[in-house]
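Structures incoming, each one as structure tokens.
The following pair of complexes shares a single chain, subunit A, combined with subunit B in the former and subunit C in the latter.
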Partner chain A sequence: MTDIALKAPGVPPPSPPPLAAERGKRISAWTRLTANRNWLGLWFMLPAAAFLILFLAYPLALGIWISFTDARIGQSGAFIGLENYEWLSDDSVFWLSVFNTLLYTAVASVVKFAIGLYLALLLNENMPFKALLRAIVLIPFIVPTVLSAIAFWWLFDAQFSIISWSLRHLGLISGNIDFLGDPWNARWSVIFANIWRGIPFVAITLLAGLQTVPPSLFEAATIDGASRWQIFRHVTYPLLTPIIAVVMTFSVLFTFTDFQLIWVLTKGGPVNATQLMATLSYQRAIIAGHLGEGAAISSAMIPFLLGAILISWFGLQRRKWQQGESND
Partner chain B sequence: MITDLTRRALVKGATATAAAGALAGPALLAWAKAWAQSAPWKPEKNAQLAMLRWKYFVQAEDDAFVALLDAFTKATGVKVIVTRESYEDVTPKASVAANTGAGPDLFWGLYSLPHLFPQKCIDVTDVADYLGKKYGPWAPSAVTYGKSGNKWIDIPVCYTGSLINYRISTLKKAGFSKFPATTDEFLEYAKATKANGTPGGLALGHASGDANTWVYWCLWAFGGNMVDKNDKVILNSPETEKALTWAKQLYDNMIPGVASWNDASNNKAFLAGEIHWTNNGISIYAAARHDPTKTDIADDMDHAYFPIGPVGKPTELHLMFPLLAMTHTKYPQACKALMAFMLEANQFNPWIEAAAGYLTPGLAAYDANPVWTSDPKRTPYRDVAKRSLTVGGLGSVGEKAASAVSDFVLVDMFASYCTGREEAKNAIKIAERQLQRIYR
Partner chain C sequence: MTELAADPNLGPAKLAAADHAEGMSYLQTVPRRLVTLYLPLGIILVVLLFPFYWMALTAIKPDEQLLDLDTYNPFWTTAPTLKHIAALLFESPYPHWLWNTMLVAVVATTLSIIASVLAAYAIVRLRFRGATWVGGAIFLAYLVPPSILFIPLSSVVFQYGLFDTPFALVLTYPTILIPFSTWLLMGYFKAIPFELEECALIDGASRWQILTKIIVPLAVPGLISAFIFCFTLCWNEFIYALTFISSTQNKTVPVAIVNEFVDGDIYRWGSLMAGALCGSLPLVVLYAFFVEHYVAAMTGAVKE
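Entry: the complex of A and B
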């Protein structure tokens, strides 16, 4: 092979005849492109870069561009600068959707984390039917979102809710609970459904993290007389923080951009009480045909998402391995 | 032999069958072949069509529709692949197809869907004129929905009436001999039914059909309007406030939970005996009639037009299902041939009968179909095309009106006031602001 990196240094090759020198130059350029480590790195990176540019960067950039236009369905639209954003800044429904999204994300993420961590710790213990129990915990995550949303739709139905029916027959309430017709009831109902669906992801991922903690550390702590809380606080939790950072980043992103659950359950109602930024964007862009305005709502989600990612990475995670060093 | 039908025989047959029903089986196929030979639209070679339609509410309607398509395929060689979606989902899918220039050739959607992207719909003026001359005239609202400027951009295939469905025994118990004819009487009736423990309900969630139709009716019944004839927003008016005030009183006497209702909610509740009046197509009655355990409900229910408000004339809005062909289709002639074929009497009459009152044509000749008189409870649905106003109200029925109805501007205005989320003036202001942007 003509790998120039392998040639012995300091031995000048004999001067080739002019024609051969020309050929040598050509071979050398081709060789550089195919054998040089830097060029090779570029070639190997290209498919991934092309994939990311085509399916992530381009749609994102296009969405941001459309948000600066008055594009409608079927019409490309003209550049209107920040007009869509100015309109949204004074739109009470948009701000309501921002509030709903933040409430939905914050409450659901915190509860999912708390219950998920608790479940992970439980499932990490030695118990009979451990494998079966772990499989059962995954069920809400396995069921397609739309199916579970339809199930919740029946559970929360204004007339046919099994919850209302049971409570009425137990004599605890006199009329049906208006789960999805009352604004606050509807908010808590959709948050509950999201929590139910999201817990397995958090629990199983944290369980995987717990499995990587060396048992010798627990044994050492136990011998030192640490209580169960102290073991959790000073051994388990610090070792889990890298995986918590990853899990919570994904959990927050999934919750913030949730669409299916809300759309099937309430379509953003009643009176926009459960309208999230994602559903409002779809409502305005696709249902009502105002692509520019819908794209502006989607683009307005980006700072929130970036903020969530930054908080997760720099707030929850301050370990040295992030900077490429080993942990203390 | 039927297979030797001539053009003259075809015309005669069509006229005769327009009122009397239809051919079936081999006769239908023979007729279809003869029609294909004489029709002005010759499908392109190897044409194949894809259609996305709203998902049927009455199974028999879809069966008749499939039989119709089979006959079309056998007669013309054009295969038609049909996909069915909830009618709320047809609009976004058609919108995406219009934007990307790819997808089904034909979309059969709701209200003024074609007016969201009129430039993406093929001109079907020749088909509309052909059908109008043969079976017309078209109902005024059908003309408004079908035309963009001077050309037809869709064929207004049929309507589904949004009429009051009510239980007869409950009506009598509330002290009424017939369904209230005015909004004042309607309110009294609602109060009485609630007091008797037999309340009703009208959807105030994002229900494309049930919620939009009743709130538009209510606004117009009190003289309110979204826009004037020049599409200038005039929503903020004392009439709109009166409509809201009345609607709030009605809401207070409905069953709880209507703010979360979608289009299926009132059907479920009515058939379960939970509500005793609502607005709907004939699907509740059809379902009750076909379910042996619900015969008592079918026998005890009837249909009525919406009451008349202070404006003194009917102000109903009924669902209209327009069929459009996209400009990206490779087979425009096949699309037009199918549109015309569907509405020919031989196909359309059995189809209407199978729908049992769920489909009301916009063409006058089909008023003679026996489906409207064989069961008197269906009769009110016969006239919904003639009675219906359009989603544009006083204004145009273009993409702006389509946007307003798709975005539930009026539904949210009514819901936010009725549920106590906003004061009337504020609810109107929010809706007015949205409309001003849509109609800019």
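Entry: the complex of A and C
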């Protein structure tokens, strides 16, 4: 509230300056609107809030509502209660997509974390061209997913795949691998592409975390005779936990809701082997036109996402408590 | 976490400081470093970069070498051709799609940055009643993925009459961009000393003047990072563009490549790869110019 005392009524952001007649009055309503902290806060928040309420909060609620209706494209449906969910619970394709999504998320996140952490540790060493290497590592993250997915589509081609060709010439396999045509091959192929795309983000953010660990701790541990594994396990890893929690939340969240990569590589095929919940909801809602059912599938993702967020949140809390930090 | 987060600007400085320290590397012999450091690093880098090499190589290979893996060495090309790229730029609507993507990305990014600067300043410095809650809500908004929003958003877009117009994308992309850039800018604003603002207040500056004349000029590195980040996210966005745009001339590059270039032609790979290459290049060039900002922003935002 000190603002009012400190300053003359200034130029407010969205509206013209106050009239001269109003200046000098004690505290007019206008002054309050332009100088009071809470009102000012409201004005400043207005553009962001408008976007987020109109195009994020409202659709989020609307999505849950649509999942309780039999809406189709072009017609708003009537309330049908839990019928969409009941229908889905008997739908084997839906459960297959849940299984695929969980497998995809679990395998991809674990591998991304392991290789990303390893890469971060490697990049943290002293070597020539360090900055350049870091910049190069991020390139897969910069290039739009769809465009790199197209490159993978070509790499995974059934007939002309360079991977098959190389393995054949090395004498490891006799025939071409059908990367995207066989259910399990397709699953591993899309998981590989997702890992490839996700490693740079994990590595660079963990590297940032590593930079905050004082080198003197490593030196002290070395003098105490700790092995490299012990240094990692008892010095590096505990100090990295908060950043790991944040990075892994994002990684899990974005892997779980992935759409682009699958859509480009397999469109959910062969026979739904790579159908994720996001791609299934797109197929049911936009292609088949059953908005209600599609919305029910995407609403079914919300509990999983909340679970991931809560786990990482409590992971963070535990760290704070261990470090004796106050919650801010 | 404020202590840890302190200041995203410190990122590069710390990085540089750590780089100059020789550390304990003298404890390791060269052969050992070769096996434990350079070899695994080399393998990872090759795997990370190979798809791009393959993309670029395919884009300049002549058709007859494209599918004939046995008479020619597939890892190299003897007669590079710009045929695919030329066809893409002069005989297809590709430049138009590039223009669409660029336009949507620039407008959505600009809108988001303006909204984010105002919001971040209000949350960090105005500290109005409930500012912490609003900050938390914005963080949560970042965790709402587009794949659960596109169905209801498509009906919203339809209701507002925005379907199949660039406005559908310009207005929906900020929901992805604002939470992230607000979060990023909050970190930068926190690092600016309070005293500067107090002086300005005593000199009679309004909050608006403080924001435009003191805070924003000081936060330029943060603004650049936020801009690049938002721009990259826009360029990368797929599901909204796929759902809300139906006519060919309004499509963005990622959607257009996936939908328009995929036909039965077995030689399509050349033009597909050329399209992917040309779509990636603007971002890679932009990234190359601002790589320091980008890395600092990523590290700063995560530490927050």
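We take it that the second predicted complex is superposed on the first by the 263 of 328 C-alpha atoms of A that agree within 3 Å, B and C clash if a C-alpha of one lies under 4 Å from a C-alpha of the other, contacts with A are read in each partner's own complex, and residues count from 1 in each chain.
Please note the rule applied: a residue touches a chain if its C-beta (ideal position, glycine included) is under 8 Å from a C-beta of that chain, and two chains touch if they have at least 3 such contacts.
Source: prediction; values computed, not measured.
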Subject >> Of subunit C and subunit B, partner touching more subunit A residues >> reply: C
**OP:** Determine, under the contact definition given at the top, whether A:186 touches first (subunit B), second (subunit C), both, or neither.
**Re:** first
Original post:
Who does A:56 touch here: subunit B (first), subunit C (second), both, or neither?
Top reply: second
**OP:** Pick one for A:286: touches subunit B only (first), subunit C only (second), both, or neither.
**Re:** both
Original post:
Of the two partner chains, subunit B (first) and subunit C (second), which one does A:160 touch, if any: first, second, both, or neither?
Top reply: both
**OP:** Once the structures are superposed on A, label A:147 by its partner contacts, choosing first (subunit B), second (subunit C), both or neither.
**Re:** second
Original post:
Is A:178 touching the first partner subunit B, the second partner subunit C, both, or neither of them?
Top reply: first
Subject >> Residues of subunit A contacting subunit B in one complex and subunit C in the other >> reply: 157, 160, 282, 286, 291
Subject >> For the subunit B and subunit A complex, residues of the former touching the latter >> reply: 91-92, 95-96, 98-99, 116-117, 119-120, 204-206, 255-262, 265, 268-269, 272, 274-275, 399, 402-403, 406-407, 412, 415-416, 419, 421, 430, 433, 437-438
Original post:
Along subunit C, where are the residues that touch subunit A in the complex?
Top reply: 1-4, 11, 14-15, 18-19, 21-25, 27, 33, 37-38, 40-41, 44-45, 47-49, 51-52, 54-55, 58, 66-67, 69, 74-75, 111-112, 114-116, 118-119, 121-123, 126-129, 131, 134, 138, 141, 143-156, 171-172, 174-175, 178-179, 182, 201-202, 204-209, 232, 235-236, 238-239, 242-243, 253-255, 257-258, 269, 272-273, 275-276, 279-280, 283-284, 287-288, 291, 294-295, 298-300, 302-303
Original post:
Which subunit A residues qualify as touching subunit C in the complex?
Top reply: 3, 6-13, 34, 37-38, 40-42, 44-49, 51-52, 54-60, 62-63, 66, 71, 76, 115, 118-119, 122-123, 125-127, 130-131, 133-140, 142-148, 150-152, 154-155, 157, 160, 162, 165, 196, 199-201, 204-205, 207-209, 211-212, 215, 218-219, 222, 242-243, 246-247, 249, 253-254, 256-260, 263-264, 278, 281-282, 285-286, 291, 294-295, 298-299, 301-302, 305, 309, 320, 325, 328
**OP:** Would you mind writing out the residues of subunit A in touch with subunit B in their complex?
**Re:** 72-75, 87, 91-93, 157-160, 175-176, 178-183, 186, 266-273, 282-284, 286-291
